[in-house]
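Shared chain: chain A. Partners: chain B in the first complex, chain C in the second.
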Partner chain A sequence: MIIPLAETATETNVGEQAVFWVCATLAVAGALGMILSRKAVHSALWIALTMINLAILYVANSAPFLGMVQIIVYTGAVMMLFLFVLMVVGVDASDSLIETIKGQRIASILLAVGFAILLVWGVGSALTEVSPVGVTAANDEYGGNVQGIAHVIFIQYLIVFELTSALLITAAMGAMVLAHRDRWKALLSQRELSIERFRSGGHPGNLPTPGVFARHNAVDTPALLPDGGISELSVPAPVRVRGDERPLDRVDIDEVRQISEGETDLPEGRQS
Partner chain B sequence: MNPANYVLLSAVLFSIGAVGVLVRRNAIVVFMSVELMLNAANLAFVAFARMNGNLDGQTVAFFVMVVAAAEVVVGLAIIVTIFRTRRSASIDEPNLLKY
Partner chain C sequence: MSDSQFGLFGVDPWWLVLLKVLAIFVMLVLLTLFTIWWERRVVSRMQNRIGPNRVGPQGLLQSLMDGIKLALKEEIIPKSAHVAVYWLAPVISATMAFLAFAVIPFGPEVSIFGVMTPLQLTDFPVSVLYVLAIASIGIYGIVLGGWASGSTYPLLGGLRSSAQMISYEIAMGLSFVAVFLYAGSMSTSEIVIAQEPIWFAVILLPSFLIYCTAMVGETNRAPFDLPEAEGELVGGFHTEYSSLKFALFFLAEYINMVTVSAMAVTLFLGGYLAPWPLSLWADANSGWWPMLWWLLKVQIFIFIFIWLRGTLPRMRYDQFMRFGWKVLIPVSIGWIMVVSVARLLREDVSFSTTEILIAGAVLIVLLLLASWIVQSRQDRRQRAQDEADEAAAAAPFDPLESGFPVPPMPGQSFSYTSRRAAAAGTTVVQEQPVITASDTSGIDDPEEDRNG
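Now for the complex of A and B:
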C-alpha cells in the first residue's frame, strides 16, 4: 500500500514509532492551541493542524482511505465551512475572559484532567496484554484498503450507507431552511430610491471629489472652492474625523483664484 | 511500541476537546472542540480495527465522518441564525428559555 508502516502486526517498526511520536505531539499541540488561543480563527487553524496529523496517523494505521477522507472532508470541507462562518459571524469575535459561573474554569479543567487520567489508566492497563492482529490481512483480502472498505460498506452496511444519504440530504435542507432569511419589506426600485434621496434633503448627487485637480489626487487633500476655501465634503468622513486632512498649499489657492478670475497666464511651469 | 498508544492519544485528545467544550464560550470554538472529540473517537476506532484485524472499525469511522459532516452543516447554520438575531456568537447570550 501507500506506506508499509504497519507491516508487522504486534510490534511497530521504528519508522512508525517516529511517525507516531512526531504526529501525536503535533496533534496534541494543535488541540491545546485550539482551546488556548483567544481568537476563533487561530483556533480553526490549530485544529486544522490536529486534523492533518490525525490523517497521517490513520495512514500509519493501514487506513489510507480514511486518511484521505480525513484530509478532504475534515481539513478541506469542514474547516473551510468553519472559516466561512467565522467570516459571517465576525473574525474578531474573541472570548471575554470573565467567568459567568464562578470557578467553572478550574472545575472543568480538573474534571477533564481526571477524566483523562481515568481513561488513559483504564485503557492503558486493559490493553497491555492485547496482541494486535493487524489489519494487513483484511486489507489484502480484496486487493486493498479501499476495496476492503467498499466490500464492508456496500454489502454488510448497505442499508446504513443508504440511510446516510437520507441524513445528508436532510442536513442540506435543514441548513438551507435555517440560513434562509425572509425579506420583511419589498425591495425598493431605482425610481423609489431616487425619490427617497431627493425627499430627504441633503446632497442628492455625488460628493465633490477630493484633491486639487492635476496637482494632487490623494484622498486626504480637500477640494478647493473658487473662493480659495476648501470643501469639507470632499474629504472622506473617516479621514476628516481622524484629523488627517492635508493642509493646503498657498500656491494651490492662488492658482485656483487666478483661474476663477479668468487670468490665463499661469505662473512659470504651471501651464496645464 | 504497542498500537494501544493510539488509543491513549485518542483519550488525551478527547479530554482536551472536553475541556474546550466546558471552558470556551464562543459557540464556534465549542463546536470545533466537539469536532476534536469526534476525531479522537475516530482515531480510537481505527486503532481498534487494527487490533482486531478487520475493517469494521474503519467503516464505523467513515460513518462517523459522514454524520459529523451533516452535524457541522446544521450546527453552523444554527450558529449563524442565532448570530443574526442576537448579534453575538457567545453561548452565554441565548437566554430566552431561562425562567
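Now for the complex of A and C:
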C-alpha cells in the first residue's frame, strides 16, 4: 500500500483523489456487474471486486484495520463460502430471465431509483454543510488506528459487542443443531473396519481386477489364477449374472500356467 | 515506538521505490527457479536418485530451461471452459503471490545510493493482516481456476482448496494473536524489532508449531496437498491448464511457499536478526548482513517443506479437516487464553513468574479433578443408558407404537405378517438389517458390489 495518507483530513492531495476516483468507479462497476450478470458465479466475482475496492477506500481514509478486516472477513471468508455453495449447486446453473412474479422487475427498478434519490438527495444535502473531520484525530487519541478501535470495541461498547458475539454464536450453534443427524451406531474407525473385514471371512483386500494375466483388460474378461483357472470374483456380478463373461482362449490359460510353473519366460512383448 | 518506526516508510524517492519493487520481483522469480531445482535435488537424494544435473553447474539452470519450455508449449483450452474466468484465475493467483511480499522486512536501514532506507518496500500498522488478506484473495485464483475449467476433477480440487484454506487460515490467524500481544503491534518491522533479545519461537512455542502446521495446509503442500492430489484428482484445480497459465500457477505455489516461510521467520524467528552465536558479533545486525541471515532462515524453512514432501504420505481429506477444526483451532484458542491471562497477571496484577506457575499448577489440578468428577458421572449415565437400551431391545417391537408406524430400534428385530403367510397362519420373522458404518458413511463395500 503506497497510498499516501492525508496529513489533515480537510485537504485532499492528488494521490487521494486518484485513489477515490479509480476505486469508487470500480466499486460501482462491480455493483452493476453483480446485478447484470447472468451467471451466479460471475455475480459473486463482481461483488468481490466491489468489496476489495471498498477496502482500499477504507485504507486510504486512515482506517487500515477496517480495510484489511473487510478483505479477510468479507472477501476471504463470506464470499468464498458463497462461491463454495454456488459451485456445489451446479457448474452451469444460470438464472432464467423469465419473471416469476408479475411486474416484479418494474417495481424493483422503481424502488431502486426511489432509494437512490432518497440517498443522494436526502443524505447528500444534509452533508453539504459539514466539513469532513477524518479519523486522524481519533486515531491519534489512543496512539493508532488499531488501538482506537480496540478502545471502542473492548472498553466503550464491550457489553454490546459481547452480546452480539453471543447472538452470532447462538445462531451458528442453532444451524449446527438443525443440520445434525443422529447416528444409529457409532462410526467405526479404520482399525475396526479392517478387523471386521477379516473376521467376516470374506475377501479382505481388493478383488482381483478383470484381465489379470489375460490378453484383454476389458471388464468382462475374467482374471486368470496361477493354475490357469478363472477367478470368478474378477468379473462384476451384473456381467456374470447376464452371462456376458468373455470365454477364454485355451492358449491363454496354458500360457499362464506355464509361466507360473516356470516353464517359459514371459512371451515377446509382454515384459512389463 | 510506533511513531518512530513508521516515519521510516513512505518517504522514499520514487526511483528507490521502483528499485525496491524490481528487486523484490527479481528475487522472487530467482528464488522460485532455485527452489524448484533445490526441491528436485533434495527429494532425489532422499529417494537415492541424483536428480537434474545436466544443465548448468549441478543442474542449476534446469528449472530455467523447464520454464522456457513450459511457456513455449501449446496451449489447450477446454471447450467447456468459462473463458474469462479461466484467464483470470492464474493471473489472480500469481499477482497476489507477488503482492504479499511488499511488507516483508529483509533488513534494517541501509544506505542505497546515499539514501538511508529500510530494506522493506513498505510497512503500515496492520501489515500482518495485509498478508492474510492478500492470501485470502489468492485463494480465488485456485477456486476459480477449478470452476472455470468446466470439468469435474478441477472443480473438486477447487472446492477442496477453498474449504481447506478457510479452515487453516483461522488457525493461522489465531497463531498470530499471541505474537501481537507480545510485540504490541501488527506491523512486520516492529514485530522483528520486538524480538531483539529473544525470539517469539522460544517464548511462544505452541503458536509457532500451530503456525508451522497451518502454513503447510495454506500452501497446498504435501502432506496437505489435497486440492491437487494426483492419486485422486488427476492434478486438482490445474488439471485443465497448460502452457503459460499453468506456469503462473506453478510460480504462485512456489512464491507462496517463500511467503509463508518469510512470515514464519518474521513473526517467530527474529526476521533478519542474527541468530545466537552470530549475534555476539557487534556488526551482525547492521548493514547488509541481516539480509543474509534472513535468506538463510527462509531457506531452512523451504528445506523443511521439501523434507515433509519427501517423507510423509498424503492425509485423508476427512482426517485433515478434523485435525484443523477439532485440534488446531481449539488448541490455539486455549493457548491464547493462557498467554493473555498470564500477561494480564504479570503486567496489571504484577504477579511474579513463580506465582503464576504455582497458580497454573493449582488450576490444572482443579481442572483434572473436575474433569474426573464429570467423567465418572457421565460413565454412570452411560451405563444406565446402555441398560435401558438393552431392556428396550429385549422388549418386543411394536410397529404401531402409540398409534404411529415406527421403525425398529437398534437391536430389535422386525417381524411382520405377510398376507399369504397370514392366510396360512404363520408369522415371518425378518432380521433387522445391521447398520454398519459402511452404510452410514457411504463408503462402498467392494464385497457387496461384486457379489451382491
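Here, the second predicted complex is superposed on the first by the 171 of 272 C-alpha atoms of A that agree within 3 Å, B and C clash if a C-alpha of one lies under 4 Å from a C-alpha of the other, contacts with A are read in each partner's own complex, and residues count from 1 in each chain.
Basically, a residue touches a chain if its C-beta (ideal position, glycine included) is under 8 Å from a C-beta of that chain, and two chains touch if they have at least 3 such contacts.
None of these values were measured; they are calculated from a predicted model.
By the document's definition of touching, neither partner reaches A:Gly229: not chain B, not chain C. Looking at the superposition, the partner that touches the larger set of chain A residues, chain B or chain C, turns out to be B.
In the superposed pair of complexes, A:Ser108 makes contact with chain B only, with no contact to chain C. In the superposed model, A:Val135 lies in contact with chain B only, and not with chain C. Of the two partner chains placed by superposition, only chain B is touched by A:Met34; chain C is not. Of the two partner chains placed around the shared chain by superposition, chain B and chain C are both touched by A:Leu81.
Once the two complexes are laid over each other on the shared chain, residue contacts for A:Gly15 go to neither chain B nor chain C.
Shared contact residues on chain A (touching chain B in one structure, chain C in the other): 65, 69, 77, 81, 88, 145. On chain B, the positions that touch chain A within their shared complex are 1-9, 11-20, 22-26, 28-29, 31-33, 35-36, 39, 42-43, 46-47, 49-56, 58-59, 61-63, 65-74, 76-81, 83-84, 88-90, 92.
By the touch rule above, chain A contacts chain B in their complex via residues 6, 9, 11-12, 16-17, 20, 24, 27-28, 31-32, 34-35, 40, 43-44, 47, 50-51, 54, 57-58, 61-63, 65-66, 69-70, 73-74, 77-78, 81-82, 85-86, 88-90, 93-96, 100, 104-105, 108-109, 111-113, 115-116, 119-120, 123-124, 127-128, 130, 132-135, 137-139, 145, 148-149, 151-153, 156-157, 160, 164, 167-168, 170-172, 174-175, 178-179, 181. Those residues of chain A that touch chain C in the shared complex are 1-2, 4-5, 39, 41-42, 45, 48, 52, 55, 64-65, 68-69, 71-72, 75-77, 80-81, 83-84, 87-88, 91, 143-146, 183-188, 192-193, 196, 202-203, 206-207, 233, 236-237.
Those residues of chain C that touch chain A in the complex are listed here as 2, 10, 17, 82, 85, 102, 122, 124-126, 129-130, 132-133, 135-137, 139-140, 143-144, 146-147, 150, 155, 158-159, 162-163, 166, 169, 173, 186, 410, 435-438, 440-441, 446-447, 449-452.
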